[in-house]
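Read through the structure below, which is laid out as structure tokens, and then see the notes.
Chain naming follows the written order as A, B, C and D, and within any one chain the residues start at number 1.
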Amino acid sequence: MSGIKIEEKLFQNRYLVDADNPHIRIKDPALCGQCSNQPCTICCPAGCYTREEQKVVLITDGCLECGTCRIICSRQNVEWEYPRGGYGIQFKFG
Amino acid sequence: MSEETQAPAKKKRKIVLDERLQAYKGVWVFVEHERGHIHPVSLELLGEGRKLADSLGAELAGVVLSAPGDEAKEYCNTAFEYGADLCYLMQNEVLRDYRNDPFTRGLTELVNTYQPEILLLGATTQGRDLAGSVATTLKTGLTADCTGLEIDPENRSLLSTRPTFGGSLLCTIVTLNYRPQMATVRPRVMAMPEQQPGRSGRIIEHPLAMVETDIVTKVLEFIADDTRDKPQLPFADIIVAGGRGLGKPENFQLIWDLARVLGAEVGGSRPVVQAGWLELDRQVGQSGKTVRPKLYIAAGISGAIQHRVGMESADCIIAINNDPNAPIFDFAHYGIVGDAMTILPALTEAFRQKLATLKQAG
Amino acid sequence: MHSVVCIKQVPDSAQIRVHPVTNTIMRQGVPAIINPYDLFALEEALRLKDRFGGKVTVITMGPPQAETALRKALSFGADDAILITDKAFAGADTLATSYALAAALRKLNELTPVDLVFTGKQTIDGDTAQVGPGIAKRLELQLLTYVSRIVELDLDQRTIVVERRAEGGVQVLKSSTPCLITMLEGTNQMRFGTMPDMFRAARYELQQWDRTAAGIDDVTKIGLKGSPTIVSKVFTPTPRAKKAEMITVENGKPADLAVELIARITKSFPTVEKELAKRA
Amino acid sequence: MSEKFDAIVVGAGPAGNAAAYTLAKAGLSVLQIERGEAPGSKNVQGAILYSDALERIIPDFREDAPLERHIIEQRMWVMDDESYIGTHFRSNDFSKPPHNRYTIIRAKFDKWFSKKVQEAGALVICETTVKELLRDKTGKVIGVETDRTEGKIYADVVVLADGVNSTLARKAGFRPELEPKHVALAVKEIHFLPKETVESRFNIQKGQGVVIEMMGKLTKGMMGTGFLYTNNDSISVGVGVMLSDLMRQKMTPYELLEQTKNHPSIKPLLEGGEMKEYAAHLIPEGGYHAIPQVFGDGWLIAGDSGMFVNAVHREGSNLAMTTGRMAAETIIDLRASGKAMSAANLAEYRRRLDDSFVIKDMKKYKDLPEIFHSNNQFFTTYPELVNRSAYTMLTVDGVDKRSKEKEIFASFREQRSLFGMLGDAFKLWRAFR
């Protein structure tokens, strides 16, 4: 990846982060270790999933709530919910 | 003043000062003190006030409100050594601890009697509390958290510049046909002037006709901050910060080692706090603390904008990162491309020697 | 018990960007929000209502669109909301604003006696922290600013004990009601409104007061005319995007890199040199 | 005392707003629940508004709806790495009101539509997420439960317009999880430019708009399309690819978007713009075969939640408004004749959809996703061949035209073989007939 910093893009967006109450959770982190290609670390448009040694780390602050991770996870290992009412991404234009 | 509904004055409104206000002369600085010593912001303001007084050809005065006792005289002497020509001194038992009522009454009394054209206060919890009620009592203009003060040569009025809209913009505020022109300034914004030992000035005492029974609000007690354990990043002068580039929580020890030698506070980027390597109070950046230290050493921090907005106004930023095109190198003052795990210990050692040599020399 | 909370609808300044090239102010898509500091004041008032019962009224002075801020305050549990809006208020600075709000509060006090008036510490667009003290002065209320905790409140004796942030410590003050309190940020966390509150906020018939309804007759005291200060110009700070001076040494040994770095710093940053000397 | 309404609409996108407006206009007590801070905060679209669907709901919408530009020129580009070949259709008739298509900015547009819904008498509550459907012993949906305390709300019927992820229907077991091959991930940015620059760059007058649809090698071999739409003083640019393809590639969506923006034909159009928002959204692409069960005891589904998107014509919001309106009309007619909101009665909604262009269009292209899915030569080989052929024909280099034609046919045959091309032609015919 030619060094496109996803943070620069996400910085333009407006988020109301529901502090320490993330709306998405990896059900069983061990499963991710056995996952060969870990597509979530590539397909998430906000780069919320990053690979760390064997594990996958999920930080939901920049989540765009698109649902991709839930659908592409071959082991259905993502517990995916909408954030609490009024929290999460708030599109200024959409 | 609310910016978004106010269109900047199109034509320059000619500020014509009516007769009564022409008499307002001189620049005053409210000297804030707490348990025996003057708050540094008041000294910084005396430095700034000196410049304003000189360009106005007027006198610079310190204003001291305190309980009876020699301490007050000490405050005046210190004010003279930082540039004041004279001090207005008001002493009364009701002024022992800061309370809004007596201090507002006292300062308003002095202003109405000796009529300054400019009154500066530190933007501390005390200064802002006092400035708000004094400005309302005097029905005059007040600009808060100024980052720049200068005199408009055309009409001798004060031009106060301050950040607005969350700091992304600056605006210049003018006080129209009202005196005194009041402004507050945050600590560590203006430069600390040189102390001139032995400089003296005259003191003008003025009584405050008030007794304790006039005042409703009582101070039951004062609980000093115990600063030892709570991290004080926003007030730290040197910060050593670590990011995910350090790889493992164990490597963070190298950050603590350097910080101990420098007597610095330890900070970190959001990912390391999220990963649990560091407590939330030490997070620097958009959703953490904003810091303005003199020296900020960042190791293994990429410098994404979310971190940058929290520390870019540090005086000197040193960045250590193994990625040559890490964004932090776009705004740091000095950069070292390399492995933080080897450079940090070297830095710790080099700083230890530097401090040793300074000790001998000092 | 009757608390009145003054709130303000402000542009979400975190969303305001300066165009990196043209340096112009990019205002598109900047939503209006409740001034974040006011939420701490509203939450504190709601907690007192939970304890002592009574009513929380929310007032704001602003353009008609400020209605959204009031409805949001209602959705957290405020009981009544009054929008003070009038063309004559346009351009008001803090002095004129505190005059108008004080007049409205006098009117409110006639309808139902007010025990506590709350404001936020300051606004994120004005940052002046003057409206609270201004209102207190005009209504002869005791002023308690930067309050971090309400320790005791005795409605019969009309006394209150609070902890207030001071320089280097916390003052414990005992005062009397009615008084004006500005809340320090971080002292509490805004609750997540219940469904009934959401319904009530959506159905609430908003009360609008113009200047006469707010009891203001002296027009020279409000709006641009009543404002001692004006904004003479708004501009963008000159960005300092200067690339870092990279430190390198021939043999690239970390020890030499460190020494070279410290030499460079002490040469061009005297304040750092002085700071180090202090710690030697 | 719990709240009870004639109907609850979940979601304030085009489908939800159309349904809530129509129901409220007919005098029903309607509650609309939106999870975003305001209607539009959670919605993302290219975005083009097709007037026809909205005209049937709010005929005079043009008077005060926030519309960016009316579209007078449609460009279709087939892209190679350094070039595009395509058609531009610009007609002065498109300039004559009433205009048929507009570019819009969804956050502004949805807020306007919601104001109309409230004026029509519906109660709109935002910042509230519906957690699950309330059902009685027989399994009939009798209301919803939100994420706020005392959050149970009852109604005779619930219209699920909660978007492509269709969480409520999935949780209630009314429909299966989405499959990667039935949905595309689109990523998009909005760049702000002075109005005059947009107009001079696209050679248009005040209020006029140009839209570009792109396909081919732009999506690096994945099945997908790109778009660039002109708004009043901004440009929306984005690219979307099938999730099933994206999963196999080693390229992140933002890398794909960055390369799209740097394509030689696109980069100059964005020059000097200030990026103000980066968004991502799933688009239902499964077509007719992916449409789930859309009605049941006490509930209906409208909009993206029912996969109602005609991908090949880039039509989604008009289908959403139409299905929202028709769901509402079905409910209104059932109430008028005193019928219960049972699955049997609500089946009428599906029958009406079958008779409308919604299902007819989707049926027309029902095999297209499958065909294109397993034949990505339509996205790689042919775009390349077509672009190269144009380049060869248009380069004057002393080579005679007959040889150039021979060379071009040879390149096609060599890539696809005569038999392969015949097969591709047949596939295209079957996909589009």
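Rule of thumb we're sticking to: contacts are C-beta pairs under 8 Å (C-beta built on N, C-alpha and C of every residue); 3 or more make two chains touch, one makes a residue touch a chain.
Everything numeric in this text was worked out from a predicted model, so none of it was measured.
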- Message: By mean C-alpha position, what chain is farthest away from chain D?
- Response: B
- Chain pair with the higher count of C-beta pairs in contact (B-C, A-C): B-C
- Task: Indicate the whole-number Å distance between the mean C-alpha point of chain A and the mean C-alpha point of chain C.
- Result: 33
- Report, in whole Å, the distance between the mean C-alpha point of chain B and the mean C-alpha point of chain C. 19
- Note on the structure: Chain-centre distance (mean CA atoms) for chain A and chain D, in whole Å, is 23
- Measure off the straight-line distance from the CA centroid of chain B to the CA centroid of chain D, and report it in whole Å. 53
- Task: Would you give the residues of chain C that are in contact with at least 2 other chains, written as numbers and ranges?
- Result: 14, 17, 28-29, 31, 192
- For chain A, residues contacting two or more additional chains: 12, 84-85, 90, 92-93
- Query: Among the residues of chain B, which ones contact at least 2 other chains?
  - Reply: 286
- Task: All pairs of touching chains, please: list them by chain label.
- Result: A-B, A-C, A-D, B-C, C-D
- Message: So in the complex, the part of chain C that touches chain B is made up of which residues?
- Response: 8, 10-11, 13-14, 16-18, 25, 62-63, 90-95, 97-98, 122-130, 132-134, 136-138, 142-146, 161, 163-176, 224, 227-237, 240-247, 252-255, 257-259, 261-262, 264-266, 269, 271-272, 275-277, 279-280
- Message: Please output the residues of chain C touching chain A within their complex, sorted ascending.
- Response: 12, 14-15, 17, 28-31, 192
- Message: Looking at the complex, which residues from chain D come into contact with chain C?
- Response: 3, 37-38, 107, 123-125, 127-128, 146, 148-151, 153, 192, 233-234, 272, 274, 276-277
- Can you name the residues of chain A that touch chain D in the complex? 1-2, 4, 6, 9-10, 12-13, 16, 37, 39, 42-47, 64-68, 70-72, 76, 81-86, 88-94
- Hey, which residues of chain B end up touching chain C in the complex? 1-9, 12-13, 32, 34-35, 39, 97-101, 104, 124-126, 128-129, 131-133, 135-137, 139-145, 159, 162-178, 216-225, 237-238, 262-263, 286, 294-295, 315-319, 328-338, 342-343, 345-347, 349-351, 354-356, 358-359, 362
